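Order as written gives the chain letters A, B, C and D; numbering starts at 1 within each chain.
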Amino acid sequence: MKQPYVWPESVRAAFCFTIDVDAESPQLWRKRKQPSLSMNELEQRFYGLREGIWHLLDLLARYEVSATCFVPIHEAVTRPWLLETLVEAGHEIGLHGVLHEIVSELTRDQFAEIVEKGLETVVRYTGKKPSGFRSPAWEMTPWAFDVLHEAGIAYDSSLSGNDHPYSLGDTTEIPIQWPLDDAVFFRYAGTGADRWPPCSTSDAAASWLDICESMERFGGSVVTTVHPWITGRSYRTGLAEALLKHARNTSGLWICTAGELAAYHASSQNHEVFMEELNPPFLSQGRPT
Amino acid sequence: MKQPYVWPESVRAAFCFTIDVDAESPQLWRKRKQPSLSMNELEQRFYGLREGIWHLLDLLARYEVSATCFVPIHEAVTRPWLLETLVEAGHEIGLHGVLHEIVSELTRDQFAEIVEKGLETVVRYTGKKPSGFRSPAWEMTPWAFDVLHEAGIAYDSSLSGNDHPYSLGDTTEIPIQWPLDDAVFFRYAGTGADRWPPCSTSDAAASWLDICESMERFGGSVVTTVHPWITGRSYRTGLAEALLKHARNTSGLWICTAGELAAYHASSQNHEVFMEELNPPFLSQGRPT
Amino acid sequence: MKQPYVWPESVRAAFCFTIDVDAESPQLWRKRKQPSLSMNELEQRFYGLREGIWHLLDLLARYEVSATCFVPIHEAVTRPWLLETLVEAGHEIGLHGVLHEIVSELTRDQFAEIVEKGLETVVRYTGKKPSGFRSPAWEMTPWAFDVLHEAGIAYDSSLSGNDHPYSLGDTTEIPIQWPLDDAVFFRYAGTGADRWPPCSTSDAAASWLDICESMERFGGSVVTTVHPWITGRSYRTGLAEALLKHARNTSGLWICTAGELAAYHASSQNHEVFMEELNPPFLSQGRPT
Amino acid sequence: MKQPYVWPESVRAAFCFTIDVDAESPQLWRKRKQPSLSMNELEQRFYGLREGIWHLLDLLARYEVSATCFVPIHEAVTRPWLLETLVEAGHEIGLHGVLHEIVSELTRDQFAEIVEKGLETVVRYTGKKPSGFRSPAWEMTPWAFDVLHEAGIAYDSSLSGNDHPYSLGDTTEIPIQWPLDDAVFFRYAGTGADRWPPCSTSDAAASWLDICESMERFGGSVVTTVHPWITGRSYRTGLAEALLKHARNTSGLWICTAGELAAYHASSQNHEVFMEELNPPFLSQGRPT
């Protein structure tokens, strides 16, 4: 009854290495009404574009992998070298808000402005219009999908409704998985609001590799997410290296950017087979009266 | 002083594979007063009846195991293929609320209506009256047991008062265990309300198998619970497979549905030996005055 | 500068197996102003004196170990067989409140009444006055120590100020350690208030054995605490068995009750060497003015 | 693009063993408006200067390592033997507040007074002015850095903006890492406010050694932090011993105090290369208008 996802010949699964290139913007957004900021968390976050990004770029170059980098505009304009450096190293740029704004806390107009500013900025720095968006904190709304479509964004990568690309309304969804997000396991601000301690790098790597292998066995698309201030930290690069080594050593695995994966999906028969509605009937139908 | 549970000849313990077949209904119930819903959590939940259930059905067929499926009526009527598919594959259907309502937040009349609607719907789709109920979130009240008894429901599977079936008032209880519920270890909504990160599949499987073996040594009934949107996820099916493989490879283990287990209990001497009160004297007797 | 604790000849460390024999009383105390009670948690707790205590008593008999059982009066009078059974099996009885009352939430008079009622009840059931007290949730106050002393209670076992017995005011303290309390690792009520998932039995056992060995190397007293409804659960008895096996197989280890350990401390030179004040000068001296 | 940190000849990385020598002061500060104090947590904390500090000093002597001890003035004056003992054993003394005050909750004047009192007290007990400060709970503010500079404190060790020393305004920062703080993994007060259970010593040690090795491979400075009441506990000394053994057995590793490391940094070319601003432009520039 369940149909398999159809891959190009000799491919059995896909692998994307994605980087959410946020430094201080998530903290600035969260604390936008309280000017007092934790220096401890800020300095941790600054590390990402002081040091962490170079560790990741070095690994990607050594394993010859092109990553997809979702960059908030705040980080792009305060580090004018950033977008150019990423593009020259062969990586894809995707949108990630201006100040890492949580989409569900915005109005539709605010979000449209943020997407417009994002497109304009990335084109200005790189000469190329991005085709993808990842929502900060991975939260979306149906109207945000409409905004993306109207702005000509081909794909989103924020939700988890399948283990391979699928169509969600007019947009291609490149699904992510919380258990493949480094922040879930490692982020520890030390402000008293943390709810669990940081995981060990080797435990995380073992679990992620296990997930990779399972998804590949099922013919899915593995989309891993790391942050320069988290996995870019010297003592966590082992996670990134384990993933890249695994991808390079796995036969039949298509190592691609999220943009390449979305383009393949949209042009293939998968586009019609794995088509979902933005407001599925489940949400209203059949509820008790 | 403690009596052993008496099993049929050549049986030393029992094993039930149960599935709580809820997709979006728990989230719809929880957010029923706030229309805004997290798309991230919703898409995770939709996955369960898009993909996850097929992964589980495939494994059950390969290991020739009949499961017990507790299905909220919301999921049953919005996916009209669901109950029929489960029954044709040889699985038992049990009640699980209409919209996954938490029993202790209902009035007795509301709960009676929900049970009535559940019975009517399952009979309409499958032609057969279910004999069991599992309360959403595993919370019960004494008056809810009365409602079940009046509706002719023979067993409940929501509490943990023993490691084998027991009688609780007029109802047979098929006890569950929190450490054998996949949601405890894997559920991660990413909404900021999560209190711990998702566990690795192999760590969970190791711990569950250890519990299975201990309970079997004590002559108990192992009742495992999985969800299509959690363990049905491609990278977590390894947990389900480890359990099914273990059950198939363990001699003296009766692999049965919860309904078969409850029927055995009610017809055996165990029914009188392991008889507990719904309002035991401990609750009022002996308290300081 | 630091003096070693002096043990009897040929002894290098001590080991106590203690059981906090509470079933529903902690929940009744906590919810005393809200009559609604979670049946799920209650049935978990009832298990302790339905099944769990027999599992523990069986293990203690097989390994020939006398435990110290801290029993709330509520549990003692609602299960009239309890105290007698424990005493006949060779175990020590200690006080643990009437309804597992948190000491710091009581007045001094209320606590004095609770201690008096405890002494009277234990003497009535067992013919013997208990010599020890363990505070529910391991929280104490200086005035509670005065009450214990006035009531002729020789030792308390609720605090962690050393790794071997010490004198705290007029009372001997048999120190406990949170990492040797089973509730810390396993308790999971499922009510939505849990802050972490239950640990695996084998992980807990590995960590506890490591603690035992370290404390023994330092010449300390290992005081482990289990509950009938937690470690008495069939699939967690492995923790208790690992501890008892370890204790039996370790040379130079004095396996004793908390009462025996306290009596040794009070009669030895350690009593003067390891003497601490109830209100040490650290609490007021040297604070900024 | 990223420059390596320059170490003295034949050195490839640095290792500092630091001790935050607080006992009850953090609890006294936190509860300063509520006189009621948890005896359970207090007795755990008293352990640190009753027993734990001797365990750590013994290990440091055996492995011939000089540690950096950040001592709140409260602990120093209520244990008049403390500072002298530490200095005589060859360890560095750094400031850590008077009553472990959280810097961000103070006014600038209050903080200046605390620093002044700290300097005066340490000079009085040891005859030597300390050169470093570590903020309680590792939280800092830009004005606190100004106060430190005005008071002639050369270095701070509270933030995580790099994996080796760096210059932050006029101060040298010796960066710490939350995953190398024992309190993150082991602190468990048992008051109901804990958010995760205590970690096993061997799991923590494995993870810390992994971090040490990674940081050393990247040419960084490993700064570990332990507390006498946490890692000084007999059953956690294994963590400290594993670290000291690792440091002694690693070639090319400079085992130094934080003060020595800061002095090296300030006198080397690294001082100019790794220079960061206290109020970097990222905090205001590029934010949406």
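Here is the rule we use: a residue touches a chain if its C-beta (ideal position, glycine included) is under 8 Å from a C-beta of that chain, and two chains touch if they have at least 3 such contacts.
Bear in mind that the values here come from a model prediction, so they are computed numbers and not experimental data.
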item	value
Rotation angle superposing chain A onto its copy chain D by C-alpha atoms, nearest 5 degrees	90
Fraction-based call for chain B against chain A, same above half, different below	different
Centroid-based (C-alpha) most distant chain relative to chain A	C
Computed distance of Cα centres, chain D from chain C, in Å	35
Length of the line joining the C-alpha centres of chain A and chain C, rounded to whole Å	50
Contacts with 2+ other chains: residues of chain A	195-196, 203
Each pair of chains that touches, named by its two labels	A-B, A-D, B-C, C-D
Chain A partner contacts - residues on chain D that touch it in the complex	1-2, 104, 137-142, 158-163, 175, 177-179, 184-185, 195-196, 199, 203, 206-207, 210-211, 214-215, 217-218, 220, 276, 280-283, 285-288
Residues of chain B defined as touching chain A within the complex	23-24, 28, 36-40, 42-44, 46-47, 50-51, 54-55, 73-74, 77-78, 85, 98-99, 114, 117, 188, 190-192, 194-198, 200-203, 233-238
